[in-house]
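Both complexes shown next keep chain A, but they swap its partner, so chain B is in the first and chain C is in the second.
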Partner chain A sequence: MEIASADLADLAAGATLLGSGGGGDTVSAAILVRRVLERYGPVRLVAPSELDPDDWVITVAAIGAITVMLERLPGGDEFVTAVRTLERWLGVRASAVQGMEAAGFNALIPVAVAAWLDLPLVDADGMGRAFPRLDQTVFTLSEVPAAPAVLVDPSGDTVIIGSGDNAAVERLARAALPALGAWAASALYPMRAGQVERAALTGSFSRAIRLGRMLRTAQRTRARAGLSAEGGEILFSGAVLQVRQRTPYGLGVATLEHTRDRERTLRIELADEFLLALDDGSIVGCVPDLISLVDTRSWQPVSADRLTPGRHVDVLRLPAPARWHEPAGRALAGPAAFGLYLPEGM
Partner chain B sequence: MSTTVTVRDLLADDSLRAGELLGGASGLDSAVREVILVTGGRELDSAPPGAAAVLDLTGAGGLTHTEHLVELVCRRLRGRSGRLLVVAGGRAHAAMSTGRLADRLGLPVLTVAEGLSPPVLACRLLALVRRPEITLARTLNLATRRLHAAAGDLTRILAAVDVSLRGRTALVTSGGSAIAGPAPECGHLLAEASAEFAERAGSLNVAACPAGDLWVVCEAAAGGPLWRDAALAVLRPASAYVTAWLAGERLAAERDARRRSQVLAELLHVEGEVPIYLNEQAAKLGWRLEGWHSGIHIAVVGEAGHPPTVTERLTGELAAHGVAGPVAELAGGWSTWVTSPSPAWGRELPAAVRSALASFRRGGNRPVLVAGIGQPAQGPRGISSTLAEARQAAVVSASSGEPGTVKHVDELGAKRLLLGWYGSAAFRDYARQILDPLLGEPGLLRTIEVYLDCGCSPSEAAQRLGLHRNTVSQRVRRAESLLGTALATPDDRLALQLACRAIRVG
Partner chain C sequence: MTRIERTLRIGIDVGGTNTDAVLMDGTAVLAEVKTSTTDDVTSGIVAALRGLASAREFAPGQIQAVMIGTTHFTNAIVEASRLTETAVIRLALPATRALPPMVDWPDRLRLAIGDHGYLCHGGHEFDGRVIAPIDPEEIKKVAADLHAKGVRSVAISSVFSPVSAEFEQLAADVLRAELPEVHISLSHEIGRIGLLERENATIINACLRDLADGIVDAFGTALQTVGIDAPLFLSQNDGTLMDVEYTRRYPVATFASGPTNSMRGAAFLSGLADCAVVDIGGTTTDVGVLARGFPRESATEVDLGGVRSNFRMPDVLSVGIGGGSRVRGTAVGPDSVGYELTRRALVFGGDTLTATDLAVAGGLAEIGDPGLVAHLDRSAVRATLARIARDVAEIVDRMRTSAAPLPVVVVGGGSILLPDELPGFPDVRRPDHFAVANAIGAAIAQVGGEVDRIFAIGVLTREEVLEHAKAEALDKAVAAGARPESAQIVEVDEVPIAYLPGNAVRIRVKAVGELEVARA
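Up next, the complex of A and B:
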């Protein structure tokens, strides 16, 4: 299977839905990647089993402030430098790259990186959706270290985090970002193809493309059936009454009024992404599952930072990969990881 | 006595008073039977029906975001027939969704920003729900102490009730107008009340207890049945204190009135020089004996007897209209006079007295009053002569039958001739004799009176009485036959007309 420039619109649409209200702008990223693919040709999308189990696979992502990246677009060199530096550090040669987060902006970046490096892209990632921290991966659950990790900024300045557990790598990378100019190309979680098969969430990119195709069909034809084929459902249709964006002291909250039953209320807790949905006081959606909002009329996804009173939206729920629902998965990426208190029995 | 405690009662407690109600106002009158402390889901599973829950979010283990729990608990609590959710330490600016959910479920949700710790708060509310009589006893005990300290001072008595019940307390007439304190919003309820009551009227609790012919009324927005029970418990002793104060005031007023009447009676009978002791007494009452006096006599028409407070109210009305003289109660009315350095002042007096009487009537005050005004006269002896004229004028005013009539002695002219007749007891007896056949039929007597006043014109009399002309003619014929006289005879007509007037004045 290949990802060609014609597939990018679907990939971008699906990636936005998987961003659960966060994950960054995919439209600009799609333009960037299209230009790369037009120059270098389509990227080969491979299953981990198609590689030799001993082949090295390097995980790539952009980390930091996506908004700053859009003002200071990547030229490609920083990602190439990041992967090459990691290869030199390990003394290996990568046979393929994979995604860390096949959602939002970071679902598109690995396609460009694979093209720049002329390597296949493994159809796998570490999150199956968007999360804010680089240690919130199923790799962490499988004890695959994120280190050594390489961060490269657009001027070529490079930081190597040689060792440390995954939480420490997250902490160190976060601390380095201001000095790197708010965002950095990163190459991390180096692993062999056999490990990818065991540890990663496979089929991530093809799922994003499939979801994107479903969403774009729905936008054109108003057909909503494709959603349930992906295990998703429409939780609520209504108008946004009030939005309190997150502050340094707490999460944001949105209040929605149901279109038909005007007394019915949906409450959404939000950070950079949508975290929890309460329908008249009952939980109907909760991180790690995905809550995505789309405009009722156009079915264009609405990101958490663009949610404003007066908008009419459909609230969708998509299931997270099963591994996020295991106790260790919930501890790493469940409500508590976002500061949401849900005591036992609630 | 078992008191029901509702959500309103809990919200009126000091511990919750500063809280913010996010929604669910439709459930404010539900009875609360139990209080539980909620830290997680388990307490909710076993929550008894009719419970108020205090949500304790202090055990969140360092997690910062707990707001959403309010809605989860709200829903679960309603499912267990809960009555109130108190969020201790909740944030003041909750999201709109919480209020909407509370409204939808009809479950009041209150956030209390600071105050007691959640377990202590729950204990306090539990005591209130389980043993309301303790709260009642405490309120009553404090109120009794405050009332005792305030005895004899109406303002302080009402203030003591205000503080004890956290309401607005007033002493009001059964018509609802306030004599002391702020006019109650629900004063109209008193018109139908015959005994103490406490009820909720719209957004207010009202409790009222009679004190003599007045009411002590307390109103408060906060609270429910428990407040109303407490209000009655406090108003009962308070009304006793008010009644005692009233009795004291009346005693003093009567003593003053009697002294004034006595001094005036003596003044009126003075011949020659005013004795020194009388001058002294008049000075003590603030009366000026020198200068030009214009006497005013106010007479009661019809019914005899009136409440002792009339003198005070009448004095107030006269003073408000610029007639600020000493008022003394004398046979069948009140005498007063105004004093000025020259005789010219008296001209505006009739108008002033007229408006004072009109204002007295507008206030719904009984009895019906008329007045007469005398010529200005000089010196202490002048008081006696001007008041004598004022009394004559008042008799003529009374004879007109119109409430509020004020006549100046100058206007009387030929009518003064009639005064002798009106004033003579012998003629009144005679009048009663000749009109005797009609006295049992007031309608007939009134018809004849008006017929004669209208110069024996049946049409004019019919118009004034609102009757048909034929009815008047027929009544006149019946009266003639009952009296055995013919109204066509001038002498009989004059005698009958005088008799009618004399009876009306009498």
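Up next, the complex of A and C:
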């Protein structure tokens, strides 16, 4: 299988849905990748089993502030520099790259990196959705270290985090980001193909493309059936009454009034992503599952930072990969990791 | 000598087909007129102004202000014609190279303005630090190249110029010293955060500069011709006004002012703050929704002739049905006889069957000579009119976002095509002066100012930052011509920057006020 420029619209749409309200801009990312693929040709998308188990696979992502990325656009070299630097540090050559977060901007940029490096892209990632922290991966659950991790800004300035557990890498990277200009190209989680097969979520990019195809069909035809085929459902349709964005000190909140039953209210807790949905007080969706909002009329995804009162939206829920529902997964990326303390068993 | 009180306002909307004009005294509509848009800009406006004078006599000295909304600039971009050859200088290297200027433009438009993109060193980080120092020699080299190519309009963008405009201004100074004649458009004065989208709007602005001079001069000549010495204003996309000098420099701000004006006019005429507005012109039907008196904004990135921008535009769905739509069998439009309606439609003695002819034959309107359409088959006419109503109702239904009853206000000259009830929408209103709602929207417009910027919170508290932004928006509104005591903040939007430790917020503040007009 391969990813060609004709697949990018689907990949971008699916990536936005998987962003669960976060994950960053996919429009300019799709333009970037399209240019790269038009120049270098399609990228080969491989299953980890297609590689030699001893082959090195390097994980790539942009890390940091998405609003900043809309302005300080990628130069391109920073991603290649990040991978090459990590290879040099380890004294290995990568045989393939994979995604860390197959959602939002980070579902698209690995395709360009694979093309730039003339390497295949492994159809795998570490999150299966968007999460805010780089240690919120199934790699962490499988004890694959994020370090050594490389961060590169567009000027080529480079930070190498040589060691540390994954939470420490996250902490150190976060501390370095302001000095790097708020976002950086990153190469991290180097692992063998055999480890990818055991540790990673597989089928990530093909799932994003499939979801995107479903979403775009729904946008054109108003057919909503494809959603349930992906295990998703529409939780609520309504108008946004009020939005309080996240602050440095606490979560944001949005309240919605149901379209047909005005007494019925949905409350959404949000940070960079949508985290929790309460329908008249009952939990109907909760991280690690994905809560995504789409415009009622156009079915264009609405990101958390663009949610405004008066918008009419459909609230969708998509299941997270099963590993996020295991105890270790919930501890790392469940409600409590976002400051939401729910009763046992929820 | 008698002092004449300047109390009257004239609103004019120049569409692709019709030019509409109204004479207003406060909230009272004294006269309305509908004329054909002419290729020659001046004579169309003169005809509209003379039409008003013959409908309701007034002394030119009574006119307080003339407000014009025009589609000239939008059409120039859509048609990729009458555009000035334009260069883009982006100050950003080594950042942003993966997405060079005009990367997402349709070829036709990019080639129409010469495809001159330059990436130079410069740009700032989100916190105001420099990405790379600007190099005046690099800019001078670009200037020499532009001189050799004869390029006369330049768009300059720089990374994070809404945070620090320093480099755009520096580059402009260098360019001006080298090429004093060149028009310069700076991105921080035009758009918001989002480099590509802001840069695109800046380029579009730059390539309209010559056309803007021509259009504004033609409007001025028209006013002179009829002896009106009142100030002239143009409508902007958000429904506020700008003066002539501002229009020369920022023609892109006129985009989408047509739909905005007609929706604001419909709100004013119907007294409804929440409704759907169906505006049927000569060629198209535009459907928008008013929420609390203002057009609902488009949620998606807005296309200007196929170019993405982050301009805030009303959310409008269009379909190619209008009063001038040609009818073939049971098919209506999308092509239209446009401004030739009064010559080519059957009811005017022409040879082309148009939607207007059906409306007359179906008894919905009395225009021209009904005898000339008496031969049309009645049941076919009724069926086609019913289909037009159904098609329009379907568009309104797509704009509807809740099950709550949605009143529909029908405006525009072509709205004679619709019956008094639409399938699924029992409450259809056609207010007085419906045919000139857009001109009324122009006449009642206010003046606004907007700030959209990323502020670092740390040195200043959040409250201080907000106060700062509000004061700046009010200053901008007053600078744009608002009466200071009438200026007020109408919108405050505060968004923390995602995935960044909490020290920066993006703040958007909008202020509007009543137009300050000097009394004679």
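Everything below uses one rule, namely that the second predicted complex is superposed on the first by the 343 of 346 C-alpha atoms of A that agree within 3 Å, B and C clash if a C-alpha of one lies under 4 Å from a C-alpha of the other, contacts with A are read in each partner's own complex, and residues count from 1 in each chain.
The criterion applied here is as follows: contacts are C-beta pairs under 8 Å (C-beta built on N, C-alpha and C of every residue); 3 or more make two chains touch, one makes a residue touch a chain.
Since we're looking at a predicted model, the values are computed, not measured.
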Partners on chain A (chain B, chain C) - clash or fit
fit
Should A:Val284 be classified as contacting the first partner (chain B), the second (chain C), both, or neither?
neither
Greater residue coverage of chain A in the superposed arrangement, chain B or chain C:
C
Quick check for you: in the superposed arrangement, does A:Leu251 touch first (chain B), second (chain C), both or neither?
first
Does chain B (first) or chain C (second) touch A:Arg264, or do both, or does neither?
first
Which partner chains sit in contact with A:Pro74 here, chain B, chain C, both or neither? Use first/second/both/neither.
second
Once the shared chain is lined up, is A:Asp295 touching chain B (first), chain C (second), both, or neither of them?
second
Could you look at A:Ala176 and tell me whether it touches chain B, chain C, both or neither (first, second, both, neither)?
neither
May I ask you to decide whether A:Ala336 touches chain B, chain C, both, or neither, giving the answer as first, second, both or neither?
first
After fitting on chain A: smallest Cα gap, chain B-chain C, Å:
16
Note: overlapping chain A surface for chain B and chain C spans 249
For the complex, which residues does chain A have touching chain B?
241-242, 244, 249-251, 253-257, 263-267, 269, 276, 278, 280-283, 336, 338-346
For the complex, give me every residue of chain B touching chain A.
39-42, 44-45, 57, 59-61, 63-69, 71-76, 93, 95-98, 100-101, 103-105
Would you mind writing out the residues of chain C in touch with chain A in their complex?
92-99, 103-104, 123, 125-127, 129, 131-132, 159-160, 193-196, 291-292, 296, 299-301, 308, 398-399, 401-403, 454, 493-503, 506
Residues on chain A engaged by chain C in the complex (per definition of touch):
22, 24, 27-28, 31-32, 35-36, 64-68, 70-77, 112, 132, 154-156, 174, 177-178, 181-183, 238-239, 245-249, 259-260, 272, 295-298, 300, 302, 304-306, 308, 310-312
